[in-house]
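Going by the order they are written in, the chains are A, B, C and D; count residues from 1 in each one.
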Amino acid sequence: MIIVIQCRDQVGLVASISALMAKHGYNIISLGEHVDVAENLFFMRLEVDGDQANPELHNELQNILPAGASITINPLPNKEIVVLVTREYHCLADILIRNYFGTLGATVKCVIGNHNVLADVCHRFDIPFYHVSYEDQSKEQAEQKIAGLVKQHNPHYVVLAKFMRILSPQFNKDFAMRIINIHHSFLPAFVGANPYRQAFERGVKLIGATAHFVSDELDEGPIIAQQIIPVNHAHTAVDMMNAGREIETSVLAKALKLVFDDRVFVYNNRTVVIE
Amino acid sequence: MIIVIQCRDQVGLVASISALMAKHGYNIISLGEHVDVAENLFFMRLEVDGDQANPELHNELQNILPAGASITINPLPNKEIVVLVTREYHCLADILIRNYFGTLGATVKCVIGNHNVLADVCHRFDIPFYHVSYEDQSKEQAEQKIAGLVKQHNPHYVVLAKFMRILSPQFNKDFAMRIINIHHSFLPAFVGANPYRQAFERGVKLIGATAHFVSDELDEGPIIAQQIIPVNHAHTAVDMMNAGREIETSVLAKALKLVFDDRVFVYNNRTVVIE
Amino acid sequence: MIIVIQCRDQVGLVASISALMAKHGYNIISLGEHVDVAENLFFMRLEVDGDQANPELHNELQNILPAGASITINPLPNKEIVVLVTREYHCLADILIRNYFGTLGATVKCVIGNHNVLADVCHRFDIPFYHVSYEDQSKEQAEQKIAGLVKQHNPHYVVLAKFMRILSPQFNKDFAMRIINIHHSFLPAFVGANPYRQAFERGVKLIGATAHFVSDELDEGPIIAQQIIPVNHAHTAVDMMNAGREIETSVLAKALKLVFDDRVFVYNNRTVVIE
Amino acid sequence: MIIVIQCRDQVGLVASISALMAKHGYNIISLGEHVDVAENLFFMRLEVDGDQANPELHNELQNILPAGASITINPLPNKEIVVLVTREYHCLADILIRNYFGTLGATVKCVIGNHNVLADVCHRFDIPFYHVSYEDQSKEQAEQKIAGLVKQHNPHYVVLAKFMRILSPQFNKDFAMRIINIHHSFLPAFVGANPYRQAFERGVKLIGATAHFVSDELDEGPIIAQQIIPVNHAHTAVDMMNAGREIETSVLAKALKLVFDDRVFVYNNRTVVIE
């Protein structure tokens, strides 16, 4: 059983929470906690044995925690997601494979692409694919259709797996802190379009990828995971793009696993990740 | 104040320990714990505010912990060490610099070398250097002198900073789990002499360094820290040796910091490292 | 056009080869070379513009190179491979995806499994899957069937993508330096069965994966690529196995790309990799 | 003997250069070259046996290379440097140690600090230390004194080893592409002051260090080397600063080695690094 708590910090929280677990005979398998001293905030992820929570547990926790505590007992074990893509296959394919073999920690409800080149690979895994082109309609119309499709599938999370369009503030607001994007640079370097081109022009010796929640500001949302690989003068912008695909795939996979395992807390445009 | 605990595991340990801290009004700054489920062992490193321990704390902890618990309150903040060297300077120099600037977490009492090429750098930092040659006396005599010098300085730890001689079982026993060695390979690969030559001959694509406690078996003691760097076909054994020096230095520095900060537990020829 | 050369070293090889290219008006796009000084061997991988080789080029190269030189002009751009698997999907799925999207640098002719759990994913990509069980027949019979199937497809390379059976010396001989295996440790550490269990028991702080050509000696063949990830005391052997899957996948993918791009030379149980 | 060439690219350069080496009986030990196709530029670093260059070699190279070629035969093996520091010791100490043991590839002529806390460690290695305070005089006066001291020692390179003052455009111009700085972030992220504070506030999951040549624009000069280490939510800005010191030291050391070994070419605000 997993218990996730976020609240104001005060002396004795770990003691009282773990005493409550002991009272119920729950053995603690893993306990991850963090205190943001400056903000006086307490975060905890608890794994205890036993699948079934005592029906009183939520109330009991509420009684020992400061007012306004966020408490989640046994968060949904299998989240549902919608994936948005454009043309690049690597992140999507990795998600489809993990989905098919049951190791994604979530279920892919459907894939929406603003091009249709990735329809076939989705169909091979019996995943519905919707093609919403930006070519033959306005940006607003296209996005409205996408928003409609997403809402129709009512996912817990929306994953932008190399979706190369910028979504409207309204969309981002509707799914606040529930949209996960993979950006192909080590943010905050190279915000926006063509980060590999920007990286090439700056002559960097390493390139990166960043998985983050989407917020109102482009590429400014809370960072979940980042990784880099070395490059050198012999890499053109295209070489960097090719080399970068491997870490885009692995960083997004890692971030998704963390989120789906309820290991990521979000506050103040940053994340606490209890690994 | 730091509190370090190692004992048999049982339900409610975290609760009762943290309740005791709350009772004394100690705010928990950091709490690192690990349970070895297979061995039923509990490890905890606790940092609480306040420098002064309540004189009753040790007894109170003993009362709530299983029999045989090892409890250390406020471990010595500044350990004393003796460093053994041969000819290579890089690990020793790093230790001397950190010692001089007060960031080693320990004090170097003296350096003993089986060659004297490193005497001058020690003297520049006012550190006594003893030269005990293996050339003009038997191995046994030389080691007896080294053992005598070490015991005379009565250090908490002995650091083998590229000391290229094998110490006798008796010496290792006298300083059991208090001798820290840097071995120039990612153990358990390439035990013994000339690991870079062995690595070259095997044609590996990465080389490593391992900091470990010394036990009776050569290069078989508990591992504290390891790191690797990539190499390729163009690296000769000598190139590997040169490249390896950088990670030898950083791995040993990291391991010493962990040990001196009381973050390393040893049991069953392995370590628990609470970072 | 790619030209790959391996021969005895002598003064002026680069000069005479590059002069020959200049004579034909081939612009050198990339030139990678290595000299093993101890063995007096010269290796070169040359990429020049133009797809069509002058019919005289091979003879002309032979004339300027030492006797016995191995010269390959325009190596087959798209190798054919057979993949052997057991139960684990991650390496196979990565290969199938790259094969499907045309970025593998090779074509998967078929997959052979000693279990049939991976049949479905192969069929989803229209790749023939053969199930050869070791349960209802002798090891020799099973392997004979596998060898027969492999020979029938006549691949350039055989990829052991987590194939958990040891092939016979005869099989390894028939496909000498054409079988690529992924081993789940940083060789030469933890040869043989259950390397993650071995790693756990040794208490290492990093685990690795090694892609290598298969030779007569188990896990002793020439290493193509290696990678590691950090682990700690909290990782059980099973956790290590799970964490290791990501690098097994990426190391094998990297090694295959290098081999299929004709960047890997093999000699004296080692590799030269021109990246 | 080392030969360094930078010129316009044309067909046959490698051929004609290596033919010239063969004519003189120079065996090529290592040959690193790079062509920037977009800019039509050719870079080469050649190591051949023999210490003594034929007096005709320079003329002969000039004859076979395009007009305007930059040719350096046997670049100065031991550069002289002046190091500028503020309060932090780690980069300076690393340089002093390598200087003392003869592995820096350069000689430290003197150290200049705008604080005097590092005077003693310099004196322990018999290195002159000059204290130029910014407190009791204007920024312009202080810098003029520093410039005077630097010019008096006439170094090949000026190393800013955590010098926390911004030098004037005139100073940067006088030593164009001869000032090497270590910046404590993975540029171009976190330009300017307090990069660790900036990194903390952005909530990044990795921090970095960048060694670069100083140009007119703050932190915008050509990058020589970069490295990162992972951080997490538990790192305060101060923790990041402490953790970052290790990579600042190693990145600067690596960059200096590359520059002092004549492996770094600079053009268009970027570097070609022949490793």
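Structure notes:
One rule holds for everything that comes next: a contact is a pair of C-beta atoms (placed from the backbone, for glycine too) under 8 Å apart; a residue touches a chain by one contact, two chains touch by 3 or more.
Bear in mind the structure is a predicted one, so any value in this text is a computation, not a measurement.
Common neighbours of chain A and chain D under the contact definition above: B, C. Chain pairs A-B and B-C differ in how many C-beta pairs are in contact, and the one with more is B-C. A straight line joining the Cα centres of chain B and chain C is 40 Å long. Between chain A and chain C the centroid-to-centroid distance comes to 34 Å (mean Cα coordinates, whole Å). Contacts with at least two other chains are made by no residue of chain C. For chain B in complex with chain C, the touching residues are 34, 36, 186-190, 202-206, 208, 222-228, 232-234, 269-273, 275.
Taken in their complex, chain C has these residues touching chain A: 89, 93-94, 97, 100-101, 121, 124-125, 246, 250, 253. Of all the residues in chain C, the ones that touch chain D in their complex are 11-12, 14-19, 21-22, 25, 27-28, 31, 33, 35.
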